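Heads up, the next two complexes both have subunit A, just with different partners, subunit B and then subunit C.
After this line comes the complex of A and B, so read on.
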């Protein structure tokens, strides 16, 4: 079937199905969400107001059988950063949305009345219905009730109480094949969905299928692509230990932000490490290996259980474990797992909220290391929207302002994740220059700075970092358009056959003939489009800086500061 | 010379997480890896005192050597 744009207007409670404009036809995923937002959203608008739009787009390969292609991009102007935003997640929604023929779902306007709605997406378009039963409910209750109401393989995209309360840390959750959730975590997109009064989006593609222009070529390319992924040792290690394998290596490198970014190593690292997590899961008969969407060959997810074998959480990621663990000095993996489950249920970003908790600990709201205190605050304060809960739920910057803390690790008001930019300088360039606030996934220099994938650039010197971050940010913007998981990048950086096979997949899907240069140009176009939006929203080069303390407080054990001048950072944009 | 050797991920299987070992002067990091029965091809990252190093480095008394397989995440 021909792809269309599904447009929902919440002001008039109407939906249209539109032809895809020529300028959007070659885009998918992040490239499409950012193109649409740049074209249709006033950069100076209030993120929670009528003029902002929430755009959901499957990637160029979503809905096909291409390995690991199930990422859904969601974009808007961010209530956390004030910049353009794209956040992508796994789960089943991208594949199902593509199969309805929806190239992008645009949600615009605001309802006039004090009511909540659900959106039902099918091949025919979108039905808007009033929702009352699930309003105020956590994500897991929504998943369960949705499964009973709409049996079968129906996709679900939902917000929890944090999104309903329009907290700037609120995420959007996507159901995975086992009834758990994956999240478009960063930038408060759940608050935009909450402002539009959409509690959940249900996706039923019926018999819809994605058309493949050249099926034989597609099959052949997918074989080569899957092999490149499966053969790479990083994919194998991700399957066994999950992303949390990074705790020990980042700690060893001296770049594991600890106690609200006051040290680069955490004494309790071994207790929260990927190795300990793996042993614990095996001992408790949980699942160390699990896929977040059908067709993923990497399977970095897992199911973490309690001592009785009952599931606590899944998709238990390094960044979440670092933030709640080392940054808050909590060395009990069960407490961290419980906090992870609570945040998934409330529908709030685990990175933003946990870093906010670390700032709150520095402010004396609770002691460092108090894992049970963290869980209590999440449940009673954040989940119920008390004044303290809203201060924390609005992110690390919000906590810093409320309590007068100066050591607040944010860029463009978004919390810095699990790699200290003083000891791993390339990632500092990414945090500073990213179009979306501090985000490791925008240009993951850790691969080359620490893991020695795709070459080697010393993490402690300035040389080569700007170029490294630039190349990775360009490549990432392109990969984020395909619907591919970013973890394919490890194989793509090392295996000569991986990237050409990916391009062959796109060409066979659409009957086109993209080259490697086209893909690089796509990445550059996306970054420049996003930056132009931010400039029009009022951002300047001065916003591309790290917080003051990174320049003045040396980080142990290497006793280093972030020492790039503003002019050096600004050379990032020389392309 | 006395070194602290740390192993990670599946390199720990049937070996150890952390050990203090005595080595003759002049021993290279590569010799230590070989002596542990670890295939050099499987080694992703080597660090001496939290700094990256390679197989040819000769550690000094009291150094901490960390040996990782090829891993990733993020």
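After this line comes the complex of A and C, so read on.
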């Protein structure tokens, strides 16, 4: 079965199945979403208007048995940042979508009538049907109803009320193997799907399979690749404690943004740490280890339960816990878990929304530390789209503008995540220069600045940070094209057998012969393609800067500011 | 008495009186505010942070008896647009400030403590005193209390609750001769004053006078100048009907933006027209003719009363009446007048806020045509800074983002005023290219497109529009430097004696010998200085565009779109 482009036009409510243009053939995941958006979307268009397109693409290895290859890339012009955007998530959709023969699903246009739709994807293409029952429903209700309506291993990609209300913090959620959700969180892609009035996308591959050109070679490469992953100590720590292992580590580094980025350490860090979380889950007979997509060998996810053993949330990530915890000064893990569940149900990015809550706390909307207040606002205001809910649901920048706050941690209007760029300078370069707004996953210098993976670069000095961020951003863009989880990067940075094995996987899948240089060039091509889109959309070097307060307010305990000049930051693009 | 720069530092709560730097000596009004901001304000700074500066400057002729010379320019980096900003208004402050010997008042820094202040300006400089009594009060209460506290002809520049709450639509109001207010409306300058925690500025010139280098020549020039003004038919129409004479004229042209810019004609236009307003005022024994500053010979202002003869509002302008009227489909002039009064009292721009209300109507927040609903929202929500009030108080772009609306008539995030750029194409060029965001006063092509002043350029074709807008924007920048009301432009365009008389006035005031070329070069210098600031702040040609819907949605009755290409628009800057 040859891969095709599935194109859905919501203006005409029609779908075509198209051959893959030659220029797109070598691409998958982020490389493909960004290539398609750069080719077909007017950079200056309104993100919620008819000219924007939502593009969903499995990675180059999605649908195969390659370890940890289940990420789905979703891209569009972002309503939050105004830049090009790719956000990827786990769940089962990437693998199922690849098995339908869909290389990329492009959703374009806007319906003329005030109705909602569902998209049913199969090997035959996409059926567009009117949907009414699930409109207005939260993600968990959608997952449940969808499971009843379409029994079996059927993929689901959906938006919650936030996406329907076109909030700039709205995410797109993907059903995971246990009927929970994983989300393409950043950049408000849920609002683009909501603007197109697609409530959910259902994926039934039937007997579809992904062809492997050289099966033996593939199997062998996968064995070496999996071994490299499971052997790495960071993979192992992630498997035991989840990403939340980082709370104590980052707190110790003095780079844990606390109380809306006014300190680098949080007094309550022990209460919300990965270790505490692990003990709590074990004590409550929850699930400390869990995978977000079939075939993941790292298994950083977990199921967090209440004292009665009932699930509160799963995929309880460090960034979410930091944001609602340290940044909002909430030191009660149950409150944070409840907030996480609410945000997953409403379908809104936990980082953006929690950082927005921190800015709202600074504005006096609610007190710092008020975990129950946070849950009330999420449920009653954000979930119902009240004016306050919309201010918060539109992100941290929105809250700052609404209330006239100047300490607003955003780059290109996207909230800065869980690592303060004053105390961990490499990540500041990533925030500033990323084509996507502030995003730690775009060039995770924490690996080398803090975890000492791939060498060591002192987080407190400027030396080596631009080069570190550049190398990681290039590598990340390439990894994001494979469908691989970014967490393969730890092994790839330290184990010399990992990256060649990954390249062998791609080569065996397609019967080609990529080299390491090809992969680096792919990463560079993606970054430059994305940047060219942003430049045409009106972005300049001035947008590659951190907010003023990072340069003027020293961060305790190191009492450091972010001290890169604009010229120094701009050398990032010298490649 | 030599003119000086009065500099107030709110961080240190101190004031200095400084000599005028040579580079600033020839400037006044907008030329001076923009020169100072370009020299002293970091273009990328946060508009509400300590690095922004608020600059107030009388015009070159302010404080003299020259006709219609009482405009005060206020500038800063705008919290609404992020661009450089100058907004000027009438009232008595410009003349009184000039008489203290203050060439420009610069307010910089931010107070460290959570207190409010008043500034008392005299010939000796500025005293900074703590203010508590009037904090939270509306503009009319401030005017009244200020008059009791400082009796006599004392100037007053104040912000209302909107400025205190740092809303991006907040204006700065200036007391007029009758104890009402005139406002520097556009661009949210009130939020900058609020961020600096200055509630009001009081101006007592004592026996201060403005020196005239050549008094006889000045008197003679003023006679010719005044005559040119009063002789022009547009001046006369403005004197009788006010600016609202335009409702029927623009409706007839098909360029009266109606129902959030979905039509070019308003069925209720007769009910809100200048003619109806004049008849109503006369019938209710209000004041159809009134001047906003001493010495104005045009007198376009008026006092609009209720049926009992009690004043509702004054300075009841076309743009305000259009915005709350046609754009929101409110056809009850009393409701519009009440809304106007509320906005004047809250201290918020009538254009920005009313256009924001139109977008809110499109979002379903309240129905189109609901004049009482508008008044309720202004009073209870905007005036009290509720979440909905802040969404609206932050302008049309804010409402669009909050509710995910795509038909949002803004350029550089500032609301497009009362002339649809599809049916009156010249003004579209002004909206797109103005250094200040969408602003009709920056290059009022309506004069030539519709009123046939200064020639005639067909509003419906592209020919000649860029050149028309360019010439008018250059001339306007120069006029805005003199302290003259922009309405002198009608006479200046048609009467060959007007502009030379104005230049003679300046020459006689300072004992210099400017030529017409000097004035044109001044205008060009101002535009280029402002544009350089914006470029350094991150603006590009992409920002010099109208919103997407103007290109794709034909406007009735002419069924026209805005059809200038980006390249055509960009030729504006070829000078």
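Heads up, the rule we're going with is that the second predicted complex is superposed on the first by the 575 of 575 C-alpha atoms of A that agree within 3 Å, B and C clash if a C-alpha of one lies under 4 Å from a C-alpha of the other, contacts with A are read in each partner's own complex, and residues count from 1 in each chain.
Keep in mind that, in the parts below, a residue touches a chain if its C-beta (ideal position, glycine included) is under 8 Å from a C-beta of that chain, and two chains touch if they have at least 3 such contacts.
Only a predicted model underlies this, so the values are computations on that prediction, with no experimental measurement involved.
When the shared chain is aligned, subunit B comes close enough to touch A:300, but subunit C does not. By the touch criterion defined above, A:403 lies against subunit C but remains apart from subunit B after alignment on the C-alpha atoms of chain A.
By the touch criterion defined above, A:217 lies against neither subunit B nor subunit C after alignment on the C-alpha atoms of chain A. By the touch criterion defined above, A:252 lies against subunit B but remains apart from subunit C after alignment on the C-alpha atoms of chain A. Contacts of A:289 after superposition: neither subunit B nor subunit C is touched. Within the superposed three-chain model, A:379 lies out of touch with both subunit B and subunit C [touch as defined at top]. When both complexes are overlaid on chain A, the residue A:45 reaches subunit C alone and has no touch with subunit B. By the touch criterion defined above, A:394 lies against subunit C but remains apart from subunit B after alignment on the C-alpha atoms of chain A. Interface residues of subunit A facing subunit B in the complex, by the touch rule stated above, are 233-234, 237-238, 240-246, 248-249, 252-254, 270, 274-275, 300, 318-319, 440-441, 444, 446-447, 450-453, 456, 458-460, 486-487, 490, 557-558. By the touch criterion stated above, subunit C contacts subunit A in their complex at residues 44-46, 48-49, 51, 79, 165-168, 191, 194-195, 386-388, 390-391, 394, 398, 401-404, 406, 536-540, 542-543, 545, 547-548.
Residues 6, 8-10, 12, 17, 42, 44-45, 47, 50-52, 66, 68-74 of subunit B are the ones touching subunit A in the complex.
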